[in-house]
Amino acid sequence: MIPKSDLRKPRRDVAVVGAGMTVFARRLQETGKEMAWEAAKQALDQAGLTLDDVDAVIVGTAPDAFDGVHKKGEWLLDGAGGSGKPFMRVFTGGGTAVMTPIVGWWHVASGLFDTVLVVNEEKMSSVRPHAQSAFAHIWDPILDRPLKPNLVWIFAMEMQRYMWTYNVRYEDIALVAVKNKRNAVGHPCAQLADPDITLEDVLNSEPLALPVRRLDISPPSDGAAAVVLTREEIAYELTDAPVFIEGVGWCIDTTMWTNRDLAFPKFVARAAKMAYDMAGIKDPRKEIDIAEPYDPFDYKELQHLEALGLAEPGEAAILTREGKTQRDGELPVCPSGGLLGVGNPIAATLGIKIGELYWQLSRQAGPRQVKKDARTGVAQAWGDLMQFSSVVVMRRR
Amino acid sequence: MAFFEPMQKATEPRHWLGDMEADHYFYGAGVMGQRFFEALRDEGKLLGSRCERCDWTYVPPRLYCERCFAELKELRDVGLRGRVKAFTVVYVNKQGEPLDPPEVFALIEFGPNITPFLHKLGDAPPERVHVGMVVEAVLKPPAEREGKITDIRYFRPI
Amino acid sequence: MAHEPRTQTHNDERFGPPPNPQGRRLSAQEEAQLPHIIAKPRARYAWAAGIAISAFLEGLKRGKILGRKCVGCGRVLVPPRMFCERCFRPTDEWVELPGTGVVETFSVSYIDTDANRVEEPILVGTIALDGAPPHCGFMHYFGEVSPEELHIGMPVEPVWKPEGERVGSILDIRYFRPRGR
Amino acid sequence: MRDVAIVGVGCTPFRPLTPEVNWKELTFQAAVRAYEDAGIDPRRDVDSFITCAEDFWEGFSIFDEFTPDQLGAVLRPMHTVTGDGLLGLANAVMQIKTGLCDVVVVEAHSKISELLTFEHVVELAFDSVYEAPLSRERDVHPYYVAGLEMQLYLHETGTTEEQCAAVVVQDKQNALLNPLAPYGTRMSVDDVLGSPPLSDPLKRLEVAPRADGCVVLVLAAGEIAERLCEVPIYIEGIGWCSESPWIAARGAEALYAKRAAQMAYEQAGITNPLQQIDFAEVDDRFAFKLLQHVEALGLAHPGQAGKLLLDGMFSRDGELPVNPSGGCLGAGDLIEAGGLARALEVVLQLRGEAGARQLPDVETGVALSWRGVPHGTGAVAVFRRRS
């Protein structure tokens, strides 16, 4: 075994100094480039910077099959501010939402760049008849595709296994959808905010692939989001309250999804451990003040909280039932409204994961601001065929 | 053993046919594209958007300046006449079969500080096309225009 | 000519950041008037099945479920592969599995692949195959069972297509049914 | 910041078709060789894995799903760069420089023979409203864009069609000495000029034939590299750049490559590339691209590369050999693996392991990649064997 190097420790600090996002909705009018520009421009404006200050651009956008554009990153690059600059697109399915800021982090932390712009965009309304037409091609063509699967199936299967293994009740899972859709009422970009939603609404919503019902799922959406990252010295010149990226982690599990134990997402736990180790976090339950886990389905928020070490397996549902994950609770979870409330333009959910943590931790979140004085937060995204996770720990010092 | 046993017979390998196609896509023209195509369709005009700061005009118009990221608010009519900056005569289609007659593609410049415009040339024998040649857009008759780039049939020499 | 600027800050204090969220959903009528192109891509492939899956498909044609054994970790990998992703070494031998297994997980689906609603629910899930390690198997349909009966842990067996109809496809198995039915 | 070096390389031979393996089995073979070369165990010693791939090349939405197993990356940090191999290499370099990772693996492959509608997929990368409808109308071959760019380059630099054709002759001849390269042969400038026109002035034989294959590189932090192998090949500089994606925005020079080179040279302390660089491997999917790229690297003045090529400057025994591997024209267009194939040759040459095509006394080499029609994205990496 190779002994680890003495020089192995990130030494250059990187902060978020601006964030922006567009409305999440079906948006046929704007091109993806135009949405990317809207979000990127806002993030730069908020940071008090111009495109000239940007040394490199990182873009995230999920499957090219949504847009029907091959090499979609290249196509988006002028809207993202990448013309004439070092430009990089990375792609980890839904995990892209939190992966691009990690890639942005290493652009700066490596010493190669001072200030970078991270732009994520997604447009799911272009593909017809339905976004499912694009999802049909995520499966193994020989083993899975002949069965004509629907993407929701695998989530239903995973949810079923999760409920069975940890004895979790559907009623408690549905409470996550209620909480997040209510939280989203304070979000100007929200697609599905609903102040009056009740548990019964979720329980009685249309069955899709049981146990998954219509209101357990975040809706397909179009939108973009962006953040600006810079090194410590510049960050303090720009703002008194930069929010630092203290830990990053990412991890992928085997392609063979039918060979995995679906009840517990081990890859999320591994990614979290990597990020916590880097951030020096030993007891996440004590040290994390606020969480933005990926919540495309209500059960995913619970599973992710557990894998992030913020609850024991099976316990997250209890914390939810007891109200501890509400905005004014002990551990506010998805105070943005999450994907369930604000919407799920896959990669663009950067804005409600990293963006929201930035606004919350710098106490700019307005009516969405959590009650407690949150200094350390964790954001997480999840993607591919239920197998990839990216985790970022952020802190206001 | 570093490698697995290979297949040994030409008949052993199997392949699997499939695609990555949706039924179709709706490719929207965008905020600025809408103005460009409406002007083309309804008024027979070619619009660009100008960045004052960079003194640069984009054709087709963009919502933002690629160079400085400013929002572009000023639209201008760049006219239908330009010069050939570069051209190529294409002889084959996607299947590798001959294109008869061949197709001529060109970059057309409408003036200084304006991005060139990609389109086709027509009404000109390929051997007579040259860089610097003055050309003008040939539009479909108003009734046939649909608000698409093909509302311009091609550019022809003057 | 000028148009309305899009970069204006909203001053609605009921909302928090972002400071300038753009965009709105158009009405159906507005959408219909947008200039656009409709096109269908042509993206066709002939994927090589590879060594392991070619043999697996040949096995299905003969009514057999084949796995590959890795002596490194002792696992029988189904679907088979020529290398073990855990040990990162070539797998060692072919193993024929009995085909029986238990329901690892399942869904009662009221939507098909294009998200159309179906009257009769599709019963689908993954099967943990006997002879393979825990949680290990593949996805398939369930049949000859009601949605109410179907449960995790239920023993199941494959129902094969008649030999003459089998072509070397996962669909050479019609579905899995409760064992002994 | 930390040094980064290549400590292991592995690949499969490049071939027109590979029907006997799927992409996982293909990649596994290249990975096994790379890990053997580096003397590492991927399940234990590697901190991060990177694959370079694009969905539509592969036929999978979210190809990232299908990447970990064959590299030994299961339950490890791994991600996809939707770009050329050198862009993946850039990520690996940055990961090591931060101090987060000690050992990183980069993989890129081509299984392009499985894509039955290559030309349609290339067109799918064009702007779908302004560009694609023009060629779709009569099903025009999308490489007309290369013809357009070549015409612009020839017209503005005075480079001749004969000079471009000579690129093909040289590349295919170099490939004869490369056992990995499938397209080596002897031909004349007249053979090339006499091949059917594809899109004037581009001729059929000036387009690199595609190939399948996989390249895996193992990178390590400098202080570890010294312990892992005898001749670590240091990545002294890496740069990348994208121009505007609009086809009409193209200029006669490869600005993306020029800027990428500037960035890489700055890191590597290269102020006089002609003096400080011993040889180059550049993308030449179209023959004129070799000349354009050599100029972008500062190895020839604009418009001079063609003349210098005819003078023998870039041949194997010339002052500054270019594409001793045979380049894309001789070794095949490996799609997103092209950049790593170029880097692989540079590493083999610097290690002195290039066999019959070994260049004498080489210490510093440069690799340049390009993402192909219709884009202006490229990357440049400078490699050195430190004495």
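Lettered A, B, C and D in written order, each chain numbered from 1.
The definition used in the following text is that a contact is a pair of C-beta atoms (placed from the backbone, for glycine too) under 8 Å apart; a residue touches a chain by one contact, two chains touch by 3 or more.
Model, not experiment: these values are computed from the prediction.
Chemist: When you check each chain against chain B and chain D, which touch both of them?
Modeler: A, C
Chemist: Compared with chain C, which chain's mean CA position is the farthest off?
Modeler: With centres defined by C-alpha atoms, farthest from chain C sits B.
Chemist: Looking at B-C and A-C, which one has the bigger number of contacting C-beta pairs?
Modeler: If we tally the C-beta pairs in contact for B-C and A-C, the bigger total goes to A-C.
Chemist: Can you give the whole-Å distance between the Cα centres of chain B and chain C?
Modeler: Their C-alpha centroids are separated by 39 Å.
Chemist: Centroid from C-alpha atoms only, then distance chain A to chain C, rounded to Å. What do you get?
Modeler: Result: the chain centres lie 23 Å from each other.
Chemist: From the mean C-alpha coordinate of chain A to that of chain D, what's the distance rounded to whole Å?
Modeler: Here the centre of chain D sits 33 Å away from the centre of chain A.
Chemist: Quick one: chain A and chain B, Cα centre-to-centre, how many Å?
Modeler: 36
Chemist: Where in chain D do residues touch at least two different other chains?
Modeler: Correct list: 19-20, 24-25, 28, 41, 55-56, 59-61, 68-69, 74, 114, 117, 120-121, 124, 128-129, 133, 244, 246.
Chemist: Where in chain B do residues touch two or more of the other chains?
Modeler: Those would be 2-4, 6-7, 12-13, 15-16, 18-20, 22-31, 33-34, 63, 66, 71, 148.
Chemist: Multi-chain contacts in chain A: which residues touch at least two other chains?
Modeler: 28-31, 41, 65, 68, 78, 83-84, 129, 133-134, 136-137, 141-142, 254-256
Chemist: What topology does the chain touch graph have (line, ring, star, complete, other)?
Modeler: It is complete, because no pair of chains fails to touch.
Chemist: Could you please specify the touching residues of chain A with respect to chain B in the complex?
Modeler: Listed in rising order, the residues are 28-31, 33-34, 37, 40-41, 44, 50-52, 65, 67-68, 78-79, 81, 83-84, 125-129, 133-134, 137, 141-142, 145.
Chemist: Where on chain C is chain B touching in the complex?
Modeler: 1-3, 5-7, 34-49, 51, 53-54, 57-58, 82-83, 89-91, 168
Chemist: Would you tell me which residues of chain D are touching chain B in their complex?
Modeler: Per the stated touch rule, the residues are 19-20, 25, 28-29, 32-33, 36, 55-56, 59-61, 114, 117, 119-120, 123, 128-131, 133-135, 137-142, 144, 147-152, 155, 196-202, 244, 246-250.
Chemist: For chain B, which residues are in contact with chain A within the complex?
Modeler: Touch residues, chain B against chain A: 16, 18, 20, 22-34, 62-64, 66-69, 71.
Chemist: Can you name the residues of chain A that touch chain D in the complex?
Modeler: Residue list for chain A touching chain D: 1-2, 4-12, 31, 62-65, 68-75, 77-78, 82-93, 99, 103, 105-107, 109-112, 134-138, 140-141, 248-256, 266-267, 270-271, 274, 278, 383-385, 387-388.
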